Each structure stands twice: as structure tokens, then as C-alpha cells.
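These notes concern the structure reproduced below.
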Amino acid sequence: MSISKVVSGVEEACSGVEDGMTLMLGGFGLCGIPENCIEQLVKLGVKEVTCISNNAGIDGFGLGKLLSGHQIRKMISSYVGENEEFERQMLSGELEVDLIPQGSLAERCRAGGAGIPAFYTPAGYGTEVAEGKEVREFNGKPHILESALTADFAFVKAWKGDVAGNLIFKATARNFNPMMAMAGKITIAEVEELVPVGELDPNEIHTPGIFVQRIFQGLSFEKRIEQRTVRPLNSPS
Amino acid sequence: MSISKVVSGVEEACSGVEDGMTLMLGGFGLCGIPENCIEQLVKLGVKEVTCISNNAGIDGFGLGKLLSGHQIRKMISSYVGENEEFERQMLSGELEVDLIPQGSLAERCRAGGAGIPAFYTPAGYGTEVAEGKEVREFNGKPHILESALTADFAFVKAWKGDVAGNLIFKATARNFNPMMAMAGKITIAEVEELVPVGELDPNEIHTPGIFVQRIFQGLSFEKRIEQRTVRPLNSPS
Amino acid sequence: MLDKNGIATRIAQEVRDGWYVNLGIGIPTLVANHIQKGMEVEFQSENGILGMGPFPIEGSEDADLINAGKQTITAMPGAVYFDSATSFAMIRGRHVQLTVLGAMEVSSNGDIANWKIPGKMVKGMGGAMDLVASADNIVVAMMHTNRAGESKLLPTCSLPLTGVGCVKRVVTNLAVLDIKDGAFHLIERAPGVSVQEIIDATAGELIVPSDVPEMTL
Amino acid sequence: MLDKNGIATRIAQEVRDGWYVNLGIGIPTLVANHIQKGMEVEFQSENGILGMGPFPIEGSEDADLINAGKQTITAMPGAVYFDSATSFAMIRGRHVQLTVLGAMEVSSNGDIANWKIPGKMVKGMGGAMDLVASADNIVVAMMHTNRAGESKLLPTCSLPLTGVGCVKRVVTNLAVLDIKDGAFHLIERAPGVSVQEIIDATAGELIVPSDVPEMTL
């Protein structure tokens, strides 16, 4: 009999999040971010948290909301443009920032979830990123040792999810969500559509429910677009 | 415009395989093995190959066929029971065998395809598997350093595949196939159903076509069952 | 004294609501049949399924749907398939709460040997080394003695190891034993088995409390 | 002298049939518009798509379908979506044949800087460090000089590096240059640009052959 992960809503989902914790948040830019949980974190007013997220949202949306409330002590990200308040807090020293290559960030989350404490990658060799890290040559090429990342809570956003916590993401909204789901001690999934067990094809699931501790039907997803680029009707592709 | 990977059949697919090469073969037991390509390797009579495969087939089927023709110099596997000829060749020293933990085998293939030359794992610490390998403690627990595996050719078997080389596997026939597809310098996919591009949902693909160099419609899949376990009709589940 | 199903029945009592469980080949596989009704438990098979169900109805078996013992199986509602790297990410990453596996030898410091008899039998470790290196709860299911009547609970393993210091609990046809501080601790006797029989069949150091309850099955 | 589209047109000539190509933000993105018709090429965007198509028809844009520049896009027939770990497995594992990206500075030994101006601008490296550390073919697309008129082709980079010794070719508004043996090698002039103009705009060591053909676009 499958293990139910359903909680009543975002309040129950986010219970237990405390000041000073390390949180992972899925998404790339504003695409595939856990909007409901971010709202709740703002409401809860948790402080001094470390956020692991590829980006930091934009001013006034996504993680930008936590930033403007000075709730974040440290960000671990790969790209933090598009956010003036972020830049201000970083340059003034209010916010600690650890910038790491995007591929290393993804792989470090996966490693954290997969019980691999460390691995070697060529990314960042010879740059600031390599400072203080072990360098070793493999096949005549220098690599640096990167360590696993885990989090007290991981917040992910999926398209469909079932009661057992199995998740399917849509298009490029998948991005960091599957790895962060693996790496959270407690992983919370908010989904656009929550379905009974048996409705998802077991062959089509992206994140197995074993990685998810709590799941709920998200509400009023805004799904904001950062760069709306279009071509006119009847234009050649 | 998508990149076509289609070849005419198993002969063209296996062209370029030479004596002494390292080959990866997907499958777990006889489930999800590249039957057509194995037949062709027997026909080609390539010798002294190193085979990386979780299992070694059974007497007279799967890799057992390459074994009985003494085509294999070395096997890299995790479990090789169910095969008397294998055991005979190994104990007599005709066949070199490198047994490694199943999870390390899967991860080493993935690492090979993902440009990660080495990683740490707790599996095998304190056992024969750790002999000659670096040991390092992380979080107070000893881990061993495992290196990436790659192959000159990787042979995988999928359920559906499209012209661009995108693959979908069925149920537990997925097993090692996706990681080996990543780790082959040339990856050959034989599929039960070859479809035009656009027929597979881009959200449901297990192995992106970028990892596949050649694809063809496989013929007369036997899909033998090793342990046929059933319960009678009307039995309680 | 327990038969194989008895051992499996006793091990099923170790399973807690909400746990993901990996069952090895042999006696461990039988544990699935003895889980308390209504309990939310999912079985992982390391070849790539979570939510493994019973054997298929005759005629509906599918060559593409097997467990780690290569047996044809079914999938329960809510099941999911995945590749071997993801499967061992679950195991190595400690997402599976309980591992039950067989053994040829277990030592009083928690070492386990179950994959090789030098010069005689080399089937390979399969997923066992990953499982024992990572699981928080490892229960060994085995006969207390081998076919020659020799104890399989030893001061040190004589066979090549599968893992070191990892086994927490052993359930045999004679007893339930915990391993801690370098010794076996007798926890329960199998029905009709005396403490002396267990002492006689255990080669490794055995701590016997004053009261050793009989299992309730 | 080339404009941005001119640079993109010239870089499109570097693309070979059957290649997977990653295009960075800015000028590199434009390369997609200039690929020779009928060529089998697929564009990878590191946020998780292979087979990226043009921008969507107005009104059909999807917040869940974007490229690494966060622009709404479409998917071509044969496209596939994947997670970020798989995306960088493709990149790190050298399955992508060509990477085109912008730069603030390039040095004559192939170093590149494009992610940080200390004390002023820190947007982060995004996927650039993974891309330059692994790609076999890295082409930099940029203006030859910055807004202050200073050369961006230097003996050594002054800004924090993105990667070391990795850039093979640079295409600017003035020229195509290869990097080898610690120097820039002038390969082609942009239409109407003299060799002397290129020499004047290049701060790093520049090797000029006796004949420097003009680009054919």
C-alpha cells in the first residue's frame, strides 16, 4: 500500500521551518518556482535562512520577496542578475553570497540526495570558484573537488503529483526541482494538479515519491514570465 | 532541424566494432538487453572485448552467447550467477572478472557520460572492492574513490525511440540502459518501435537523443524471462 | 524453531508505517507477504521499481517487469520505475528505511559476508554492498547454522566481506539478536527454542539477559 | 565592420551538420537565425531543453517553456526536456559540440572573463564555467573593444576568470581570430576593415599572416 504524503495545505506543509535553517528552492529564474511556499515563508517571517537556489528571483517576486524582508542570511546560487535589491545587499555586505557554477550546483544537489559526499569536476578550475578546493588531474586535465549539498527543507514545484508524492514536471519548469527534491531532509512539493495514486503512469514519473515527504495542491499560481519574447502570427519559424 | 540517427539495421549499427574494444551492454539479467546487437557481435566474431554489463546473461542467451564463443576477455559486472560457463571460465582463469557493487557500477557509467572523472561512495569500504582505492572520511564515515567508466561502444535497448535518437524504456527494462547510453563514445540503440520525430512527448523521454549516435528498429525480440513467478487466477493479491 | 516463513513473519514486525523497504533475494522476499494489513509500506527493488506488488496472475507476466531476483512481478498503484543510478541514489542517499538481506556469515561487530566463497563460488555482490554501506536499519535474515551445522554468527567473518560494522539485527530460525559493542545480544527466542540451544549455535560472543522472551508471531 | 547580426552570421558558418550547439545570452542567441537551411543542428539550452525552436507566436507563450536567457521559446519536433543535472551531464560530458558565448575579456592564452566586475557587478557565472571547462569548441562572440574603446583581446585578463586556456576562436565586429601558442592569430577581416585597424584594436599579441582574407558572409 502506497505511502500517503498529502498535507492539508501550505501551512501544514511548511510547519517546522525555523530561523537559521538551510532551504533549497527549485526553479530557474521564475520558471518552476514554489510560489505558494515562498509566500508562506514570507508570512512565517523565518529569519537568517540560507537559501540554495539557482537564482534569487526578481525585485518583488519569487525569492525577491524574502530578500526584501531581510529574511535571507546567505544565498548559494549560480546567477543572481535581474535583482537590484539583491545586488545592493550583496555589495553592502548584508547578504552573504556563494556563487557556484550552475552545473556544479545541480550536481552537488544530486550528490547530496544520492549519498555521494564529493565528486570531481573541471568547472571552475583556475577561477575564484576553485579557491580553497582540492585540485586533481584526471586524464591530464585539472579538476576540482566539489562537495554535496543538502537542506533541512527542499521546496519544489511540480505540474502533476499523486498522493504517494510522485511528481511530473512540465517542460523547462523541471530544471533544479528533481535534484533538490532528492537533497531535502524534508521535501515539500506544491503541485498544479494533485491526483490519486494510480493516475500517473509509473513510466512517466520524473521524481519518485520516496524523495517527497509532503505534497499539497498549490493555489493561484501566478507563473510570471521574465522575458516575454514572441513573434507575430504568420511569421516564418 | 533535428539530427537523424537512424541506420539501416543491426549490421550498419555495429559497424566499427573491433577486437579488443570496451563495450557496454544495458540490461538487468535478461531484462532490457540489446538482443539484436548481441547476436550481431556473435556473428561478427569480435574477440578479446571487455564487456561492462551488470550481468553476464545465462548459458546460451544474452552475453552467455559471447562467453561460449570465448569472445570476451574481461567482464566488469556486479552479479554473474546463473551462468555455469561464466563460472568455469572465471575459475579457470580464461576470463578476467572485475566485480563491483551494482550502485557503483551504475554511478560510474553515469559519471563517465557526465564528465565526472571520479566520486566518493561508501559502498565497498572495508571489502575487496576497496583494495588499491583511496579512502577518505566524510561526515565521520569512510568512503572510497571510484572512477568513471566509458566505452568505445554502448549497446542499449529501448521500448520506443524516435529518429532523433530520443528513447523511452518500459518498466524495469530501463535499468542500466540510460547511464550506458550516456557513457558510450558511440551509443547504439535498438528499439521495439521506431517512430518519426514529434511522436514522442518531449516531457516523457528518458534518454535524450544527444546521447545516441545510431538507432534502428530491432527485430524478433525474444525477451526471455529468467524466473517466471506467477499466482493463480483469483488468488488474493 | 522457525521455518523460512516464520523468519519472514518475525522480520515483518520490524517494519514501521511509512517505510520504504528493500528486500533481498530468498527469505527476505517472503517478508512482503507478512506485513500488517493497512500499513503504508512500499517495497523497492534495486533494479528499478518502487511500489512492487505480488507475482502476476498466470498469463499476465511481463518480461519487462521483474524484481532484483529476476522474478516476474506486478506494480502497485502509485508505483514508479526508474534507472539504476536513481535506484542507488535512493539507497546510498538513505531514503530507504529498511534493508533485509540474507548472509552466509555475520560477525559480532556487525560485519557481513554474503557474496563470495574464494575458489568455489563467485556470484558477485549485486547491490548488497551499496545496501549495507548506507542503510540505517539492516536486518539479516538467515538460518542460525549452515548445512554442516556450523554457526553463521561468528567472532569474525572468514569469508570476503560485503560490509563492515553495518548489521544491527539478525533474525534466524532460532532467535532475534542485536549487534552492539562487539557482541551479539539475545533479544528473543523462537517458539520452542531454549536459550541453551541458541548459545550452542552461536560462535561469536553472545550476551544473554536474565529474561529472554519468546517471539510472538 | 560587422553589427551583432553580422557576427552571428559569421559564427553560424562554424556550425557543422549533426552538431549540438549551446548558445549563450546576447549575440550568441542570434546565431540560431543564421544556420544554413537543411542543416541538421539542435540547440541546447542549459536550463533543460534540446531542440529549442524560435520564439512563440504571440499569445501562445508558455511560462513553463523558456531558454537560459529566461525568454519564452518553442520546442521543435524531436525536442526533449530534462533536469539541470542531466543538462550539465551533456555539457560536462562533451556531448555538445559547440559552445558560443559572450565575453568581457579574452586573453591570448585562451582565458575568458565574463561574469564579474569586482565591487561593481556580480551577476554570477550561471552555466558559463561548466560550458568553457568542457566544450571542445568554444567560440567567443563579442565586440572587439569595450564602450571606452579599449581592447577586449588582452595579454592577460584583468577581471576574474570564467575559464582558463579554453577559448579557441573569437569572432568580433572586426575579425575572426584563433588562439594558439599564447597568441591571437588573425584569420579573417570583417568587410571593409583593414588589418591595421585590427592591430590597433588588439592589445594581446597578434600574429598577422601575409594574406588576411575578408570574410564571406
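Which chain is which? They are A, B, C and D, in the order written, and residues in each are numbered from 1.
The rule is short, and it goes like this: a contact is a pair of C-beta atoms (placed from the backbone, for glycine too) under 8 Å apart; a residue touches a chain by one contact, two chains touch by 3 or more.
Computed from a prediction, not measured in an experiment: that's the story for all the values here.
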Minimal path length between chain C and chain D through chains that touch?
2
Higher C-beta contact count, B-C or A-C?
B-C
Look at all chain centres (mean of CA atoms) and spot the one farthest from the centre of chain B.
D
Roughly how far is chain A from chain B, going centre to centre by Cα mean, in whole Å?
32
What whole-Å value do you get for the distance between chain B and chain C if each is reduced to the mean of its CA atoms?
28
Could you give the separation in Å between the centres of chain B and chain D, each centre being the mean of its C-alpha atoms?
36
Two-or-more-chain contact residues of chain B, please, as numbers and ranges.
107, 110, 114-116, 121-122, 169-171, 202-203
Touching two or more other chains in chain C are residues 49, 75, 81-82, 85, 88, 91-92, 134
Which word fits the touch map of the chains here: line, ring, star, complete or other?
other
Which two-chain combinations qualify as touching?
A-B, A-C, A-D, B-C, B-D
The answer for chain D against chain A in the complex is residues 45-49, 53-75, 81-85, 87-88, 91-92, 111, 116, 119, 121-130, 133-134, 160-165
The residues of chain A that touch chain B in their complex are 107, 111, 114-122, 138-139, 143, 147, 168-171, 202-204
Across the complex, what residues on chain A touch chain C?
1-4, 110, 112-116, 162-164, 166, 182, 197-198, 202-203, 205, 208-211
Considering the complex alone, what residue numbers of chain C touch chain A?
18-20, 38-42, 44, 49-51, 75-82, 85-86, 88-96, 134
Can you check the complex and tell me which residues of chain A touch chain D?
28-32, 54, 77-82, 87, 90-91, 97, 99-107, 109-110, 121-129, 159, 169-179, 206, 223-233, 235, 237
